[in-house]
Amino acid sequence: MVDLLVYALVSVGIFFLFIAAIGVVRMPDLYNRMHATSKAGTLGVGLILVAVAVFYQELSVAARALSALAFIILTAPVAAHALGRAAYLSGVKPCRDTYIDELAGHYQKNHKLESVEKPAPTSHTES
Amino acid sequence: MNTLILKTTSRFLFTLLLLLSVFLLLRGHNEPGGGFIGALVAVGAYALFALAHGLSAARKLLPLPPLRLVGWGLLVALVSALVAFFLDKPLMTGVWFSLFGVKIGTPVIFDIGVYLTVFGALLSAIFGLEETADRTPEEAS
Amino acid sequence: MSWLLVLPLLIPLTTGILCLVVASRPAQRVLGLVGALGLLAAAITLLVQVNQRGIQAVQVGNWPAPFGITFVADHLSALMVLITGVVAMVVALYALAEGDQPREQLGYYALCHFLLFGVNGAFLTGDLFNLYVWFEVLLLSSFVLMILGGSKAQLMGGVKYFAVSLLSSILFLVAVGLLYGATGALNMADLATRVGSVAPGLLSALAMLFLGAFGLKAAVFPFFFWLPASYPAPPVMISALFAGLLTKVGVYALIRVFTLLFTQDTAFTHTVLLWVAGLTLLLGVLLALAQGELKRLLSFQLVSHIGYMLMGLGILSPLALAGSVFYALNHMIVIAALFLLAGLLQRLQGTTVLVRMGGLYQSHPWLAVLFLLPAFSLAGLPPFSGFWAKFTLVAAGLQAGQYAIVTVALLVGLLTLLSMGLVFAEAFWKNPPKPFSPSATPPGLVLPVALLALLTLGIGLWAEPLLGLSQAAAQELLEPSRYIEAVLGVSR
Amino acid sequence: MSFLEGALLALTLTLPFALYRLVKGPTLPDRVVGLDLITSVAVAMAALYALVSGQTAFLDVAIALALFAFLATLGLARYIEYRGHKGD
Amino acid sequence: MTLAIISAFLGALLAPLVYRWLGSLAGWGLAFLPLSLTVYFASLLPTVIAGNAVRHSAAWVPTLSVNFSFYLDGLSLLFALLITGIGTFIVIYTGGYLKGHPDLGKFYLVLLLFMASMLGLVLADNIVTLFVMWELTSLTSYLLIGFNHTEFRSRRAATQALFVTAGGGLALLAGLILLAGMGGSWEISELLTKGEVLREHPLYLGSLVLVLFGAFTKSAQFPFHFWLPNAMEAPTPVSAYLHSATMVKAGVYLLARLQPALGGTEVWSSTLMAFGLATLLTGATLTFRHTDLKRLLAYSTVAALGALVFAIGMVPLTGYYGAVGFATFLLAHSLYKGGLFMAAGAVDHEAGTRDINQLSGLFRVMPITGVAVVLAALSLAGLPPVLGFIGKEVLYLASLQAAPVWMIGLAVLGFAVGATLALILSVPFFRGPPPAEVHEGPPSLWLGPLVLAGLGLLVGLFPGLYNPLADAVATAVKGAPASYHLKLWPGFNLALLLSLLTVAVGVGLYFLYPRLQAWMAKDPVPGPENAYVALLRGLMGLAARAERLLQSGSLRAYLVWVFGGLSGLVGLALLQSGTLPWPSQTAVVNPAKAVLMALMLLGALLVLRLRSHLGMVVGVGIVGAGVALLFLLQNAPDLSITQFLVETLTAILIALVLLQIRNIGEVPRGRWLDKAVALLFGGIVTLLMLGMLTEPMEHHLSNFFAQKSLPEGFGRNIVNVILVDFRGLDTFGEITVVGLAGLGVYALLKRLRREGKP
Amino acid sequence: MEIWMAFLVGGLTAVGVYLMLRPHLIQFLIGFLVLGNAANLLIFTAGRLGSSFPPLVQPSGTVLEPIANPLPQALILTAIVIGFALAAFGIVLFFRAQAVLHTLNAEAMPETLEAAPAPSPVDEVREERT
Amino acid sequence: MYNVVLTVFWMLVTESFTLSNFLVGFAICFLILLLARPLFDAPSRRYFTLAWKLPRFVALMLWEIVLSSVRVAQAVLSPRMPIKPGFIAYPLTVKSDLEITLLANLITLTPGTLSLDVSTDRKVLYVHGMFVDDPQAVIQSTHDSLEKAVLEVTQ
């Protein structure tokens, strides 16, 4: 029973890692590729880590597996942010399909970022 | 890199990395880890902090200049190697004793020396390069 | 005894660490000198002990050989350590007198002693991988010393030195790994008992790999090109240390492995050594003749004369090995003296480019003497230490019927003499193209050179002690069982 | 070959994709994305190998990697930010 | 005797001090040293003449069985007396000749050092001792020839003399070592008793060639004669002492010394006679090319040295004429040539020129010198009643026994030039008006020539004075008792006829001299010196070419040499073993690892095509990660972690540095040679690894570690226990390396900061 | 497995050597890193593969067999650290060299800074003044 | 931080430097600190409320990751690659560093969006979206789910 759960988690995890891998190859530009790694990649790794925790059913192992997972969740978005930002700043062009670019022209020479005037989204707590 | 997201996250990660580093150091005698690995992680922590918050902020988190740590680390290692002299054993013979109920041996102390040395040396390199880099990006951009 | 054996390590190490921890410059200067003195004293004691009691070994960490790391002092090691002490002492004196403040602030003394730490470790260790580690210690110290000050020439030379040294490190690593994979051993005595079962072809190939790794350090053909590109760059208080010690570590390592480990197919391996020796001798001296700058010229001379040391190793008779050992010891003294002297001349004349120098025979006759003593010694002329070195090798070569290499050895001696004669004519005899105002030479700078020059003369006049010790070293080298027994405690 | 060993093999088969991106680029950030993916797969492999070998010590590899690997991305990102994506 | 030699050296070392005390009187003061030595050696005359050799020996380098040993028989004693005796006058002469010269103190030092070395040379019994002294004479003479060191000509002559004589010395060393090996002793006195063994040894010819090479270069035999006239750049005391009376005779001495051991073979006699004669003729011929007094004398010396070697060659072929002729001519030549040189120097010193065409009427202003010159010239010409005549007579007697007629004819021609030269030298003293403001020099300048020439006359008139010593010398050279009654008037014989012929030809040549001189000076025949110059020019050219080819400054070239050389050596080793290794293990591989390995290799190869530096850094990340994963899958968690951490930090460091470099430069494309070398070396490594894998692995080390790790190392992580305990010293070195790297980076960057620019 | 490792190591060595032969110092450094990896793998293989367990003694004190050979691992750890220290120093050295010499191309760094004519035993040599 | 120090002390006492022991120690120390709550001032107390709210937040986050991965998978696997990528400016209502960071990271992990940067005046978060046919809709949904969750944890 536990084995089956473990196998399932591992299989799904690997599936998502494949998704990330294929995405990295297939996606049209850098920014879209980063979606693939930051989401599917994280999930894939996470599932396998969970599988480890499930397999051993020991507190110490589970704690280690889950802390590894936590670290990934903590670091992956930061890395994506830093890379995406740097790429944009350095002039990596988005693909031609890109629908809208509200960021264009808002980076200043010293890499400071201007804001745009935009209506704030309606908020339930505020309304 | 002057970004809010990185700055905020790095505060957490810095602590986490340092924690991890101490762990890897202390349990290295029994599980994967050890002084060198621990020191590398600690260097990573400081490198991250320097990257996010600038060099001077990172320097403030260290009580003494990193290069001085090299000297002290080597001194710790040397002392741990010399303990055997008083027992009339050859250089670096392991000596184990209990301190407040904790079993401590000269090899473990030696590993701490390794930790300090590697940490100090690599940090000195990173800090040195960060210092020169502080000016450069503006010129280059 | 077990601690005496590691003292040549501990003294420079402690000195180096204290120099790092203590920031005050005067304190570092005192430490530097005291450390060198202590090293010399320890080295003398060690040699006396070894001479009286035979090969000494200590199991570091109290783990029995071959499991832990063994430190071994036989005659060869003890002699090398002794001369290291002498060179260290003399260079320390020179550095004190020179008082190069910027370099001292950047850790000159600490680096010097870490270098000595590595050098002595290399001489004393009985473990092949540990030897690798010592090589790296002395390499990194030398890198830093090389670039200390960061002038254009230093960086240019430093890059080449660094690049080639990286290569030698990797080669050494690969060679050790392969040997370990073929025998399962790292302790050299342990290895010596096991190499016999390795396929001869493979063993010879590994021997060649070690020849490459150590040959790069020793600067022999075809691996020497980096040395003249880099050694002239730093100030002489650094390049003298390099010239005196670093290449000798490579030579020492070659002697060690080619007497202890690779003696199965000497018809191949040691013939190769002779070829390498001959080509090194010839090309080195030929290139020295093409030089017009003193330190670079000396660097080529340094390279050339490494060939003599290999020659004895290649012949592999007791007399030849004694010659090699003696040559190495003699060469450390002589070449260090010449480099230090070049520094003095640079100070006096502001240049080491020969055509721009001159007039020193008139203005500084004592310097001329101090040049001629080591210069003639380098050329192997009596009554200097270099003569006995070459004499022993030539005699050994003739006894062994190796006429070709003897011819080369003699010819190179002649060309060395020519080269040194030209230097003397240019720097001392000739009138300087631009008159220079002779300045007082600080006695503190002359003293170290004088010590070394007198040492080469002294050894030349009374060669027996050192030659006797070299002979003892050679006999030990040719009977590996003594070494093995001292390390492993059993005769196999 | 057990299931887990098969899984390990399957996991390695994601690497060619990463390699493709790593080599193909076309920009430096693209290569970094490839490297990122390799890191993720490495964490997964460490975890998976902890299952395969029955030794939880390998989880430590995963932990260290999870917390450390993004530093490389950050360092490279800073380079890209100031020096452009073409590499030099 | 040993003491005498040591005191000679010590006395020499004191010379600069003495010069400082005594100033211009130092010459007289210092002459006390050679004088007392002369007296000492003279006191040994009775012993030696009685046939008792004196031998002193002290252990020097017992390890090599080398002794500091000396041996005095007639031959050595004659030389010792010449060295110290003539030395006495030379020192006195120097005081006058170089009066006030700034380098005079150094000159005395080196001159006396030379004397001591020369003394050591002729007295040495041990081969090594002899060689040491031999080389010392070369070194001191180098310094003496270069006395006028600000002149390029002097420096060139000094270097040339050093090169030629030291080169010969090295051959001599080899020859002597061979001889010692063949005879089983380092002592010459012992080798002399083993002539039979030596001559029949297979290495006889080789060692003979080497010894002759050494002796010929030192004694300026054809074709090495050219350095001697060039050495006339030296001040006259040097020419008189080294280049006529003593040093150039070192080679002659050695041949005479070894004659009993090596002589007696066909090759010995014919070689020595041929080269001696050739030298005699060369010296004689070239005399005609010059008008410079010292040059003339130098060529005459070359001729005389040839005659002496010729004589030694004849020793085994004659009963006693050869040996006695050698002994007599040797003394005669030393006396007259030393005197002539000093006189020439005195003339030069007083008249300001050495060109014989510009000198005239000197006898009236320099009568004492004139007397000395005339007496010496008589000896040179071989005319009675001086010793030169007797010497030549005996030589003719010997050659009539030993040499074919054509050789005798040539010898007469050679000796005839001596007579010519005697005329050339004497005539300026009597011809023409005396020059203005030229007068006799101080006693120091004329004492030497006068005494030496006078001695020649004295011994010529009373040959009995010398006869006992001459017999002793001859006995030593012959290796068997040899004695001949020297007499001034031998009666009418063939030799006297030859002497008359010699003088006649000589006088005839004198009249041809001006025309010959003009002709030869105008169109000099290329000689061995041209070969020497061409050789050295070629050498320097070769050196420069080697520098351009090998030491090009290209790091890549150096590395190609390293990798190529190493591949060659290892390949050679594998080839000569014959078989290529192939391990018998199964090639089965876990598929996951196989994929990983394939990807690493593929990735590494593909990365080579990248045209961006940081791109490559990122790209080789696949290799680093692959290695880490392999470590992981091979059960090495510590390694895997370390590898990942290190790869990451390396990338960070490189990025941090590249960030600050504005002009990184292009990524250059590879060349075929690089590719070939890389592939070759990679292949070699693979082969070596395969070979390694064929060897069975011993696991004694790892088993020990696994067993002891917990119970004695108190740690469960075996790798860590190895690192901090079993092999803790490795780690100590390792952290030192890391610390040093930190220090190095600090040093590099600290400097950068101070300059305030990147 | 070991056999294939031999080919992998050989291949990586070739790549490393090739990169080290490039005149550009950054490439040289990358080559060194690759070669270092190859050397480490070589040592690893030298200790023989085919283990099932990491070199850790179980908390119970037993050693599971077949355990991975711990010695090469320790050696490689040392080698990695040393290699890293070398690389770190090298990076900064090249950086500094670039700052002073204005190039990272080793071929553009001459052997000596100033020409020095060699003296000759037969001809007088003087410095050419331009 | 104090908790950590205590935990290290725990480990020293128990002579076991393992992660599990750390966690056990951490838990024990946490409980001790919880008991000692009255000793601390107000900001420190938030530590304990946070410990309560965090698990819910984490659960939400994990769920969002799963959702987003599925959408990425759809996109990646579909032959036509039905994406409408674009950069949009997301006006922030949260103010503190921690809040903005949390939100940005959450946005990255959730479907179709990836935080690129925050404007220097902290008013706008620039986001790359994979499916931005209607930017306003994206902004609104993010605001409703994620920003709310963040505020819940931090306030």
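Chains: A, B, C, D, E, F and G, in written order; residue numbering restarts at 1 for each.
In the analysis below, a residue touches a chain if its C-beta (ideal position, glycine included) is under 8 Å from a C-beta of that chain, and two chains touch if they have at least 3 such contacts.
Since this is a predicted model, take the numbers as computed values, not measurements.
**Student:** Which other chains touch subunit A while also touching subunit G?
**Tutor:** B
**Student:** For the interfaces B-F and D-E, which has the higher count of C-beta pairs in contact?
**Tutor:** D-E
**Student:** Of the other chains, whose C-alpha centre is the longest way from the centre of subunit A?
**Tutor:** Centre of mass proxy via C-alpha means gives E as farthest from subunit A.
**Student:** Centroid of subunit E to centroid of subunit F, CA atoms only: how many Å?
**Tutor:** 44
**Student:** Starting from the mean Cα coordinates of subunit C and subunit E, work out the distance between those two points in Å.
**Tutor:** Centre-to-centre distance between subunit C and subunit E: 26 Å.
**Student:** Please tell me the distance, in whole Å, between the geometric centres of subunit A and subunit D computed from their C-alpha atoms.
**Tutor:** 14
**Student:** Subunit A to subunit B: how many Å between their CA centres?
**Tutor:** Centres of subunit A and subunit B (C-alpha means) sit 31 Å apart.
**Student:** Can you tell me which residues of subunit G touch two or more of the remaining chains?
**Tutor:** 18-19, 104-105, 115, 117-118
**Student:** Among the residues of subunit C, which ones contact at least 2 other chains?
**Tutor:** Residues 13, 20, 60-61, 129, 133, 136, 140, 143-144, 147, 150, 159-160, 163, 167, 174, 178, 181-182, 186, 229, 289-291, 418, 421-422, 425.
**Student:** Would you mind listing the residues of subunit A that make contact with two or more other chains?
**Tutor:** 20, 22, 34, 42, 44, 58, 60-61, 64, 67, 71, 74-76, 78, 81-82, 84-86, 111
**Student:** What's the complete list of touching chain pairs for this entry?
**Tutor:** Between chains, contact exists in these pairs: A-B, A-D, A-G, B-C, B-D, B-E, B-F, B-G, C-E, C-F, D-E, D-F, E-F.
**Student:** Enumerate the contact residues on subunit D facing subunit B in the complex.
**Tutor:** It is residues 57, 60-61, 63-64, 67-68, 71, 74-75, 77-78, 81-83 of subunit D that touch subunit B.
**Student:** Going by the contact rule set out above, which residues of subunit E touch subunit D in the complex?
**Tutor:** Against subunit D, the touching part of subunit E is residues 590-592, 595-596, 599, 602-603, 606-607, 609-615, 618-619, 621-622, 625, 628-629, 632-633, 635, 637, 640-641, 644-645, 647-649, 651-652, 655-656, 658-659, 664.
**Student:** Can you tell me which positions in subunit D touch subunit A when the two form their complex?
**Tutor:** 3-4, 7, 10-11, 13-15, 17-18, 20-21, 27, 29-30, 32-34, 36-37, 40-41, 43-44, 47-48, 50-51, 56, 59-60, 62-63, 66-67, 69-70, 73-74, 76-85
**Student:** In their complex, what parts of subunit F are in touch with subunit D?
**Tutor:** Answer in residue numbers: 52-54, 56.
**Student:** Would you mind writing out the residues of subunit F in touch with subunit C in their complex?
**Tutor:** 20, 25, 28, 32, 35-36, 39, 42-43, 45-48, 71-72, 75, 78-79, 82-83, 85-86, 89-90, 93-94, 96-97, 100-101, 106, 109-121, 125-127
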